[in-house]
Amino acid sequence: MPRPPSPSIPEREFLYASLKQSLRLDGRLPLEMREPTLTFGPDLGWVDCAMGRTRVLASVDGKMVKPTPERPLEGVITIHSEISPMASSDYETGRASDEEVVLTRMLDKVLRRSDTVDKESLCVQAGQRVWHLRLTIHCLADAGNLLDCACLAGIVALKHYRRPEVEVEGEDVTIHHPSERAPIPLAMHHTPYCFTFAYFPDTTTQAVLDPTSLEQRLSAGLLSIALNAQRELCVVQKAGGVPLAPDEVMRIINVAVGKAKELDRIVEKRLQEDWSTRNVEVR
Amino acid sequence: MSFVLPGELVPAQHVNLKLGPGLLQVSDVKNGSVMSTRAGELKHTANNREWWIEGNSRRYVPAPQESVIGVVIARSGEGWRVDIGSAHFASLDGLAFEGATKRSRPNLKVGSVLYARVSLAHKDMEPELECFDAQTRKAEGFGELKGGFLVRCSLQMSRMLLDQSHFLLPLLGARFPLEVAIGLNGRVWVSTKEPKYTIAVSRCIEAVDPDGGGMDERAAKKFLATLDI
Amino acid sequence: MGSRVEILNDDGYRSDGRRQFELRDITMDLSPRGTADGSAMITHGLTQVMVSVFGPREAKMRAQTLHDRAVLNVEVNIAPFSTGERRKRNRGDKRILELAASIKSTFEPVVQTALYPRSQIDIYVHVLQQDGGLLQASINAATLALVGAGIPLLDLVCAVTGGVHSTSPMLDLTTLEENDIPHLTVAVMPKTGNVTLVTMETRLHVDRFGDIFKLTCDAAQVIHQEMKRAAYARTRRLVDAMDVDSKSILLTGDNVDKDTAMNELE
Amino acid sequence: MITFASFAAPPDDLYGHGHRVAHPIDPADDRDMDIDFDDEEFVSGSKLTVPGETLTSSHAFMRGHGTYVDNEQVIASVAGTVERVNKLISVRAARSRYNPEVGDLVVGRIAEVQPKRWKVDAGGRQDAVLMLSSVNLPGGVQRRKLESDELQMRTFFEEGDLLVAEVQAFFADGAMSLHTRSLKYGKLRNGQLVIVPPALIRRLKSHFTSLPCGVDLILGLNGYIWVSKHVKDSDREGEDGFDAEAVYSNRNDDIDCATRTAIARVTNIIRALAAHWQPLTDAVLLEAYEWAVEQDCDVKDLLLDDVAAALVASLGGQH
């Protein structure tokens, strides 16, 4: 099968022309993102995150393992993600596409390497037992900006997840079932969110936040910024694409600072809403 | 309204029966000879001549004589290969245009959009297109579509838009002048004076599409009012 | 990361004796290697990278060819002996693929690919020694190799890494420093000062980022002077060698017989 | 203050191509290190440039090859010499792949056999095309091409065969089309191929030369050079002008030991000169061959660095 056909000439010309007038096809402003819809499943750490037609499902599960000899005091976090043709017919099975490499590396950087979860708090018995958290990201549909959606789903899943309480008495370890004792949330250092901006060949056209798939296909470069609401950058990634003035990069970073605060509020609110419904059931 | 599942027999009967998407003629079944191959709503024309199944599919299966909108993918020899959203690319001969000769062929670039008719659709061959009426050799509106924008929708939506009695296009046409070409392969080409009008058309189609917003006439009118045009 | 080496001591010296804004010694070698159309070897301190460029040439992967421009193909090979651990990385390693993808997309807007429809330009990056600044060395070497191959570029691309130790920014980090402090890599097109690549993957406050980002952009200009010098020196050698007998050529050079039968193509 | 440290630099390479920096820069001129290249650029009369250097304003001049216009300036995109013809500014790359022109003589290798055409690797940016209609076929020069010819294209040229041809025209995408419709052109036998950078081959009166040592040379403008046993002119053309058997034969003639040595010597001379970036002409090669015989050096020693340097130096003395 040949590579997916690129957008037609009229589509390209029209998109560039309308972006010049700061009009987007879905009626958004250039720096407006699609409001994410977060749906929580019956299990803790199960999140369905939708931004427009882009949908990602993330789930966390934990189990006890023996820690690696190099880090006897730290828990383990692994992230599994894959882009299958299920998300969009543009993707093929087999060899990892560039998008998949970008996604996997970005999730790794944002969720694991930026120390979102306090790994030492996942230690149960030094050198003997630690928690191993598995975060699985399923990309259900890609209608543009899969990256931000997957990062958001991942971080929300981690925040939503609660691990069973564990009691250690000497050598004995008791894991309490959630019905006996309320499970406890993970100790998180911070909550990073990822924002992707698309640039277009005509440098006078403003950058757009959260590009749709057409915008993404026709863009001449993406700038992804991951940061938390405390103004700490975790990842800045602009791998090639149109050259930007350094001031423009700083301006976009400042835009992202504002967006991170907004998004953080939305996420906290949704998590609280969900938790309030759960408290009734559990007890 | 009747819904069918794949494999159900369909009571389609007419002296001059014509089967549309989702229906298959079978010979070795005793009572009735038409079977459904997809799930969906069974529909037929008022005179019971044409029958088809309406679903929420977005994947186009080419059928002869249907008008489609395609995008040129590559040149191949004397003609072009065209993406019409089907499983295989369609081929379009360089001479299948009004007034085309070996010396003067239309100048289509890779990425050009065109309005064409499926001239051959056989399950074992790649579909073929033509941009004229084979009898009269006149264009009849087929050919390259320049400018404008390509809106993608469900196949059902494109069939609805072709229905003269559907409310959407008259509603939009009353607000601003627009030019539209509808392909049965779930693609609608729109051209207006201003990008904001084209965006309005695109958003309305998305909103009315049963596979999208699924709005009815009243909701669509309300939605249009919020679009600032 | 285990190491408890002082990154920056009270007197303002780094672990290898450099000052904060001191770059490591650079060597650039553009001499031809094998049958490559252009090649370059660059060292930044103990990091050594060799790049060979082939093309533009007939595309090997026919399905990938583009009808309106050339395809860039970047392959990165990290020698197992390039680090102390002596570990073999396989080609499917995500980190290597990411490195290759970054180099590819850095050069895509810089190489004038539209001049060579349906062709392919191969950039093979070989990492021989690593001591920090892998991406920086790869990009700089690839730029010089492309220049050596005579492939049209809009500008040279100059890359530099920078990091921040508590509040003190520093440039051109070694592996030791990269492991300990937040760092970023910036690639700049010096003519306009615009940035083609920025990557940062460790936690850093926005204000700190601003400082180090500006500083690396300036440092790239300094690297640019060195790259320019190397490119001039190489060009000078070639042109001088050709010039030796240009006078004798001029006498006969123009009389090329062109008794070609021009036939229209199919 | 951005400066360079100097430590642990590897030794300079043998040829001195490498450029090494080990100079802590005066803190006074921090960051804006401006190097004056002007005197360096004009050392030997030709102005040099590298990508990204502004050449002139685009108002007064037009841009040619190797340049682009941005912000009303003509800017170089390749490293090489700046050339000016009236108002046209262009940059000739010091080294690049072969840029074909109509009428160029090239040596190439068949890469692929396709319907009615061969794809030929001739060092260009795409494979060249040799149409079946552009070759001479057995049975007369003017004969029409038949369907049977299409089916037996491999009997004329097969994958891997070497041939000499002329650039006939270009396709829309820039690929070159070749023809061998002359008795001078066609399949190559009795020798070996050397590939050098195309910049080293200058346009000459004739690219077919014979050295007195019994060696024929074909200097393809694409940098592909064919070194072969001398064929007498009388043998080359039969009385009918065309002998299919001979023209498309895949068999080498008998080559005696002396000729083989001569071919190898010429080949190694070409390699040695190319390594020192010496332009190759029939005159230069003849002179170099004489030097090599005079010095009585072994054929394979020509590839040693000191012998090659001595050879280049001996040529330099003449000019």
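Going by the order they are written in, the chains are A, B, C and D; count residues from 1 in each one.
Here, a residue touches a chain if its C-beta (ideal position, glycine included) is under 8 Å from a C-beta of that chain, and two chains touch if they have at least 3 such contacts.
Small disclaimer: the values here were computed from a predicted structure and weren't measured.
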item	value
Shortest contact path, subunit A to subunit B, counted in steps	1
Intersection of contact partners for subunit A and subunit D	C
Farthest-lying chain, centroid of Cα atoms versus that of subunit A	D
Chain occupying the most central position, where position means C-alpha average	C
Busiest interface, counted in C-beta pairs	C-D
Length of the line joining the C-alpha centres of subunit B and subunit D, rounded to whole Å	55
Subunit C-subunit D separation of Cα centroids, rounded to whole Å	27
Gap in Å, rounded to a whole number, between the CA centres of subunit C and subunit A	31
Rounded Å distance between subunit B and subunit C, as computed from the means of their C-alpha atoms	50
Touching two or more other chains - residues of subunit C	67, 189
Of subunit C, residues touching subunit A in the complex	63-64, 92, 94-95, 97-98, 101-102, 104-109, 184, 189, 192-207, 209-210, 213-214, 217
Subunit C residues within the subunit D interface of the complex	16-19, 21-31, 35, 37-38, 41, 43, 45-46, 48, 55-59, 67, 70, 112, 116-119, 147-156, 171, 189-191, 215, 218-219, 221-222, 225-226, 228-249, 252-258, 260-266
Complex contacts: residues of subunit A adjacent to subunit B	2, 5-14, 17-18, 21, 23-27
Sites on subunit A touched by subunit C in the complex	2-3, 96, 98, 101-102, 104-105, 109, 113-115, 190, 220-221, 223, 227, 231-246, 249-250, 253-254, 257
Residue numbers on subunit D that touch subunit C, as the complex places them	1-10, 12-13, 15, 17-22, 31-35, 37, 40-41, 43-46, 48, 50-52, 54, 66, 68, 70, 75, 77-81, 93-97, 102-103, 111, 119, 121, 124-127, 131, 133-134, 166-169, 171, 173-175, 177, 179, 181, 195, 199-200, 202-206, 276-279, 281, 283-284, 315-316, 319
